[in-house]
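Below are the structure tokens for one structure; questions will follow.
For reference, chains read A, B, C, D, E, F, G, H, I and J in written order, and residue numbers begin at 1 within each chain.
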Amino acid sequence: MLFHVHMVVSPPQGMDKDAFEKLRAAEKARAQELMKQGKWRHLWRIAGKYENFSVFDVKDASELHDILTSLPFFPFMKMDVTALCRHPSSIRDDDT
Amino acid sequence: MLFHVHMVVSPPQGMDKDAFEKLRAAEKARAQELMKQGKWRHLWRIAGKYENFSVFDVKDASELHDILTSLPFFPFMKMDVTALCRHPSSIRDDDT
Amino acid sequence: MLFHVHMVVSPPQGMDKDAFEKLRAAEKARAQELMKQGKWRHLWRIAGKYENFSVFDVKDASELHDILTSLPFFPFMKMDVTALCRHPSSIRDDDT
Amino acid sequence: MLFHVHMVVSPPQGMDKDAFEKLRAAEKARAQELMKQGKWRHLWRIAGKYENFSVFDVKDASELHDILTSLPFFPFMKMDVTALCRHPSSIRDDDT
Amino acid sequence: MLFHVHMVVSPPQGMDKDAFEKLRAAEKARAQELMKQGKWRHLWRIAGKYENFSVFDVKDASELHDILTSLPFFPFMKMDVTALCRHPSSIRDDDT
Amino acid sequence: MLFHVHMVVSPPQGMDKDAFEKLRAAEKARAQELMKQGKWRHLWRIAGKYENFSVFDVKDASELHDILTSLPFFPFMKMDVTALCRHPSSIRDDDT
Amino acid sequence: MLFHVHMVVSPPQGMDKDAFEKLRAAEKARAQELMKQGKWRHLWRIAGKYENFSVFDVKDASELHDILTSLPFFPFMKMDVTALCRHPSSIRDDDT
Amino acid sequence: MLFHVHMVVSPPQGMDKDAFEKLRAAEKARAQELMKQGKWRHLWRIAGKYENFSVFDVKDASELHDILTSLPFFPFMKMDVTALCRHPSSIRDDDT
Amino acid sequence: MLFHVHMVVSPPQGMDKDAFEKLRAAEKARAQELMKQGKWRHLWRIAGKYENFSVFDVKDASELHDILTSLPFFPFMKMDVTALCRHPSSIRDDDT
Amino acid sequence: MLFHVHMVVSPPQGMDKDAFEKLRAAEKARAQELMKQGKWRHLWRIAGKYENFSVFDVKDASELHDILTSLPFFPFMKMDVTALCRHPSSIRDDDT
């Protein structure tokens, strides 16, 4: 099942710079691992903001929840989740 | 350049059924033509709503505007456009 | 999979009374059919409003979309869909 | 009487980890006690968020208020309360 | 049980004047009947608006719903319902 | 003149418990004094929230302002004030 | 007592032009009569909008309500009413 | 030129009481100086809130900006600025 | 003085096509006349919407109001007006 | 490509005054460098606020993102980005 997720990051105020860079590296590593597994299908940055639009391909909402809450940045992110369906006008194989 | 577009359809009230079905067919044909050209990259339906999330791949904002305003459903849609960038964590070739 | 749906009804203005009562009866019949099938798990009215909170148990977002858009009242309803997960604190069998 | 409650948790910033885990355990224990008593009828997690939708079965608004404000997490939660009625289309015994 | 209700009236556009005056008289008669029964406890007009704040004293949310939806103006009103509790600081007998 | 006031309390973060209990006792004492004087006409708690709906009977907006800003909790409250009029449908003596 | 009123005009759609000009003239005449009486203290247009900010000097909220609802444009206006107090920093005699 | 300004004060948290009283005195002195110069035309307190509605008479937006940002309270205020025009229905000399 | 104006067009529903094209031509002619006079300094279309961002250079808010309300499309537009100042960091001559 | 950016500055609370002035000087220097390069086309202050409206002329959304996130004030700003198109009614050469 596909979910559209809008992630808004609020970087932790007062966190020391090294700790934050470590967190960022961990987030990136985890994101790429999920992409390689095919779970995190798309990831686009929103211009001018510390936000992204993502598409996840998971078994169900529970798997999605486990993935999102395990992200190193989760405590600093606000997520908006939207359940997607295949659109009858789409001709792309990978829109399902 | 990639743009994320959230389309919300408000079907024309009082339009006769045949006219509406014709319009719908024209919208679908035009959408598929744009997908074949690679301009309309993704199209997902939002569960429970007459809305979709789409991703367009165009030269610039003017090409996007011309495409969106030429859609048969344009007079009955509200569009929210967001400019996208490649995300440094993405490993997918087609997220650019 | 469980989905929480908030339905807001805007009764069609200017529809004649008999036609509306027929529509209402059709909506009720369809709702009860879906409850008997176990798809429409819960249905509660919101006090003072023409609105309800519902819980659906479906295979995925596509089945939910098909069910919701097939309701006789669909053209007169605004839907807000939220994907649910089992809560680790719940002890009720039927909260999954 | 049934009430629908939407709970949004904002975990206390700067609380030490052990203290937070204790609080979480106390919240879970209290929630399960209320479920066993039949007061807390349903509890579903909202995918991707530290939020839940719940249904309470209580004598009146005062009992609901006492229950909600006695939760260990209450100081860190925002609650939206909606009074529910039996829906005339529901065929489920436990929707009352 | 007490409920606070905020009623916002949108007078029916295009209704003929006599029909509207009849409706208004029926609304007033019904309101006063409910006040005499002690169900509609308070009714205040909001300055400069076609709106009111009311307090109802009813058995439960279902009785409230039946009362509100039976008002002659119901199809032209938006209602916001809030469940009230006795406040521990109140010394007034009739705030319960 | 009557005013409807919606008060939302945000308890002071990090205030020590005894200081807060003293503040709460002072707030309650002041509220009851104002009720005895007939200035604070009604006070109802909103179920599930640290909020109340109140009705004040004062000479004018200045007296209301002096009363509200003199409350011990004032620095921790957000107030929404609405000027009320007698409703022509009310039959209650004390709705003026 | 002083009240600040924000008036937003939505000119009646489909009203014939002469009828509208008559209504406009009646509104202007009534407004000037109220200004001469000193009830309508200030009237400023908001640049680029069919809206104004006004200040009324009336006995109480009921007199304000009667004045506002008697305006010829009332059925086509949305009003936001705010109760004002003399500001302790003001040195102008007519700010009371 | 006239501007309507809605000022919302958020008193600085944690500032010591004497420092705050000094700031308040400086704000009052500056406000009265601007009133004597005729720049700050009106100042009204909003009942129940730490907010005011003001009207300024300045040469242009730059003079307004310089005045507002030079107020001792500026770092603790949110301003909403609205450009005003003389209203054709006003008969007051000082509404220009 | 410079003003930033956000214009949102809602094309008149049900207007016949020729009448609308005439209106559109009149709007364009008037806009270009104002640009030649240097009053309408900038005009940009917002991608995907029937909206624009504009900058006007006028004597004061009254001249702006007269210009905006004289536009052929005015009855079908919602305007948001923001007063601008020269920015101390700008090095462009024409940002004043 | 042109982008309209609305920047809202929230000056860092508790930063020492010298550090803030240094940051401000760096922001100004960087802004002027970008203006000289023709990337930051327009910059206007919003009267009464620590906000500006800007227009950028960049190759694409990625260049815009790199520019905005490299601003010394970026961690203290909220940005709203809108993609612009040439307006068919514009006669100005530099509106493209």
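In this text, contacts are C-beta pairs under 8 Å (C-beta built on N, C-alpha and C of every residue); 3 or more make two chains touch, one makes a residue touch a chain.
Note that the structure is predicted; figures quoted are calculated from it, not measured.
The chain with its Cα centroid farthest from the Cα centroid of chain I is D. Listed options G-H, F-H or A-C contain a single repeat of the C-E interface, assigned here to F-H, on the basis that more than half of the contact pairs agree by residue number.
Centres computed as Cα averages put chain A at a distance of 51 Å from chain G.
For this pair, chain A with chain I, the centres built from the Cα atoms lie 40 Å apart. The distance from the centre of chain H to the centre of chain I, each centre being the mean of the chain's C-alpha atoms, comes to 29 Å. Shown for chain J are the residues that touch two or more other chains, namely 2-3, 45-47, 61-62, 64-65, 81, 83-86.
Across the assembly, chains come into contact as A-B, A-C, A-D, A-J, B-C, B-I, B-J, C-D, C-E, D-E, D-F, E-F, E-G, F-G, F-H, G-H, G-I, H-I, H-J, I-J. By the touch criterion given at the top, residues 11, 45-49 of chain B touch chain C in their complex.
Contacts from chain C toward chain D in the complex involve residues 2, 4, 27-28, 31-32, 35-36, 41-47, 52-53, 55, 82-92, 95.
On the chain F side of its complex with chain H, the touching residues are 3, 5, 61-62, 64-65, 68-69, 75, 79-81. Residues 1-3, 60-62, 64-65, 81, 83-86 of chain H touch chain I in their complex.
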